[in-house]
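You will see subunit A twice below: alongside subunit B first, and alongside subunit C after that.
Right, the complex of A and B next:
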């Protein structure tokens, strides 16, 4: 009796938390949607006094170049995500499966980009990139974004690699599978949830990078965040909200396409046995 | 295919797990590796399959050195204790996997898979996910998948340990049947002596990384090399003594033997001893002593007796319709045809 009451109470608490959580996300989204369409919305009015398509025109009108920037930005972040997943997976395998000198140091140093404050990191890497000739270039921005997103990709991949272990790979090998076959049929499908998660994480870290992009890109590499943040700071809420809305929706869309594509690829792959 | 291991040693984290293993498994033979948990049996299998590199020594397959051959080129397949079925595949796909990686065309693959599925009696479960199967069914899938790889040597790592007694008996029978049909050289790892006796042509006994004896089940049972081996095979009553001029001498029993002089332990397994009441005529010289019953354990159709005399404790069984009780005095008849002498 006591136990069921306890569970009931837990259930209620978790429901309240869940509802509060959903509310806090949806309410802010609703505000952004309304703001992006608002013409004038001053205190103390509960709703905008009039509506305007100024925000939408700025984004989709063609004169601001917002869409070109968006697609460029998505492309850039996808490249970062892909590289982060590949490097993250390989690093994770090295850290989990092999013993080598300095392993602990490397393990810890994968977290350095998160520990060191972004501004410090940006200033420092900028100097190095100028020396290397990577400054003011897309390649430089990709490398800088990569450094920021790798800790997440490595952490996620290390955990899943550890959980997955090597047992199924050993089994595949003794059944006659080559290294490449084992990777394609056993390892990658098993790591799939981790690959998607670390890819999404790396993508969002890259896509939302403002200061670092501005410093390394030096204004010549224009990403969506670089374009959006000045509106947030200048207080033009209609434009800022319109940009934010596109930011959120495009990211969601990319995640959905990302996940669907990978899962479809592997479902087809496994059907290939007998279809 | 013939398997030869020569002076094979394996170290993990600088700890010696296998110590100079020498072993030969003949073509088509089933060798059981018998030993307690942690003695290195599984490590030995992994080394044979090429999953662990040896620190020294060699692995020869069919007369050719295979020590540096990668696992996928050895033709040696392990069925692991935890089975390791691929969770993202159905029963059929699991069994088809070794055929697929060898590039066997789809039509032929399908036909072979159905033969293997029939061979392990899994018809009707082809499209099931492996997460939807029972323990015995999983075992069959793992076996069929191993056979589909057409192994030259099949290594079974305690494959039945997670099954209940009835299923285990069925699976043993299935493995023996399949082995007869395919004639595959097999190494079976087990810590179950009954399983080893029942299935093996020869048994290799392993203790802490070393093979201490390798022989037919009968020879090992009747002539264990050491007391530890005898113990592992069930033990019994050990009587310490000496052999002098063809006579085993101890404070319990003396009898003629054909062994050179020295210190020996005589092993009388439980069935080799018989309890006689003092009224009955002892059948031989050796049973003059009187033993006192100190404990009785009811086991069903038999009762185990612990008896003491001349500073020696002996264990024997009698039929449960006895009328003995603790404190009673008995004679003990030693069946000398069953004695095992172990040199110390």
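Right, the complex of A and C next:
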């Protein structure tokens, strides 16, 4: 009897703590939404005194160039994500299916960009990029972003490649499928969840880069992240929140479109073969 | 031919890794005072000596270590707690887990704004406390942001890193809980005992792993200390960048010496990480 009461109380405490945790995540995001639409919101009011579309106009009004930057930035990060998924898949196959000289070293070195600080890498690589003519260029920013996002893509792809193995591929080959057919109808569909996950991860790593883009891009390559930070520093919370809101929403939108298109593409493709 | 296949598959990643390593090597060479374009050719340790004797640089190093250590340790502890709560309530999958993943996709720059909105002296928390009559004026709320105690930066890291630890640990904890945890309880252990003696020890490698990753990251990240930090002491990456962009180009080696110090600390972390990985492999092989 006493024990059940003890467990009940523990259960209630644990629920309260959990609700607190979830609340601390959601509330801070709600505050951003409210701030982005706030007009005047002085101390000590708990709610804005009036609302205004000033923040939204700044972003969508066409005079600040925010939308152009956003679309350019999305495009750049999509390229990084695509490259990361391709290279990640190739690396994962090599690491999972083959034994070769230097495997351990490569396995460990693919992980280095996660552990070794981005600031160290950014300042070190910038000088080399200047010599290679990659500094202040879109290509340079893409290469730098790719280096940062690859470890995640490789990790995700290695896990799923390992889990899936190569039995089905071998069976397809035995049954006379060509390399291309095996790729299109066996390998890629089975790796699909990993492809989506690693693509999303690489996208977000690239899209979020501020410091690296600032150094390598030198202010010439303007991404949304770089454009946003001065507003975060300015103390104008309406504009800062509006930029942040668009940043987060655009990411979610890209993820949803990304996942829907890939899944739809595969459903249409495979209908004739698996139905 | 077949022998070449893995190397062909690895070609792009090896190329990118070479660029990465080139960047790091460049940092170390310049930190030794070898920058031909500035007319510096002679290797010397004097920049390190100077960095390690100047009080402002030393306080930068101490400040960065303090921020990373406190935020990562708290994130690991609280992350494990949240994990246990989620698993204990059968919520390791589903909607709540989706919400937990949100902070992972929010960039650090936006997290800084979230923290400012809530914890600055004109933020929502002091307003709430004022409305409840708990503080009498704006100024009686302690200044947590832009303060030498770094609390704002730590709070921001916690918001971002607790969910990361949860994400990193939850699947393994849920797994152990339904198998070995329940077995322990069938043998008469209380839920607390089963957690303390069975589930937690088995999750520790994953927790340590997560700790090392966030420790290394927060040690070398520029954004949060830049947006939420005090004028002094400055975090290592911020201080390094100031030296890097100094109008006197001869300050470059100082920047690189600071970067090298960050690099060597993270190298120690890599060694720990690698040993942890080896330990896990041995356990599995046994």
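The criterion applied here is as follows: the second predicted complex is superposed on the first by the 251 of 275 C-alpha atoms of A that agree within 3 Å, B and C clash if a C-alpha of one lies under 4 Å from a C-alpha of the other, contacts with A are read in each partner's own complex, and residues count from 1 in each chain.
Operating definition for what follows: a residue touches a chain if its C-beta (ideal position, glycine included) is under 8 Å from a C-beta of that chain, and two chains touch if they have at least 3 such contacts.
No experiment lies behind these values; they were computed from the predicted model shown.
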item: Which of subunit B and subunit C A:25 touches, first, second, both or neither; value: second
item: Contacts of A:167 with subunit B and subunit C, given as first, second, both or neither; value: first
item: Partner chain(s) touched by A:186 [first = subunit B, second = subunit C, both, neither]; value: first
item: Partner touching more residues of subunit A, whether subunit B or subunit C; value: C
item: First, second, both or neither for A:106, with subunit B first and subunit C second; value: second
item: Which of subunit B and subunit C A:222 touches, first, second, both or neither; value: neither
item: Subunit A positions touched by subunit B in one structure and by subunit C in the second; value: none
item: Subunit C-facing residues of subunit A, complex; value: 7, 11, 14-15, 17-18, 21-22, 24-26, 28-29, 31-32, 35, 43-46, 87, 90-91, 93-94, 97-98, 100, 106, 108-125, 127-128, 143, 146-147, 150, 154, 204, 207-208, 210-211, 225, 228-229, 232-233, 237, 240-241, 244, 247-248, 251-252
item: Residues of subunit C defined as touching subunit A within the complex; value: 3, 5-7, 9-10, 12-14, 16-17, 19-27, 30, 81-82, 85-86, 88-89, 91, 96, 99-100, 102-110, 112-118, 122, 124, 127-128, 130-131, 138, 159, 162-163, 191, 212-213, 216-217, 219-223, 227, 237, 240-241, 244, 255-256, 259-260, 262-263, 266-267, 269-270, 273-274
item: Touch list for subunit B against partner subunit A, complex; value: 46, 49-51, 70-72, 74-78, 80, 82, 84, 86-89, 92-93, 96-98, 100-102, 106, 110, 145-146, 149
item: Touching residues (chain side subunit A, partner subunit B) in the complex; value: 167-168, 170-178, 181, 185-186, 189-190, 266, 270, 273-274
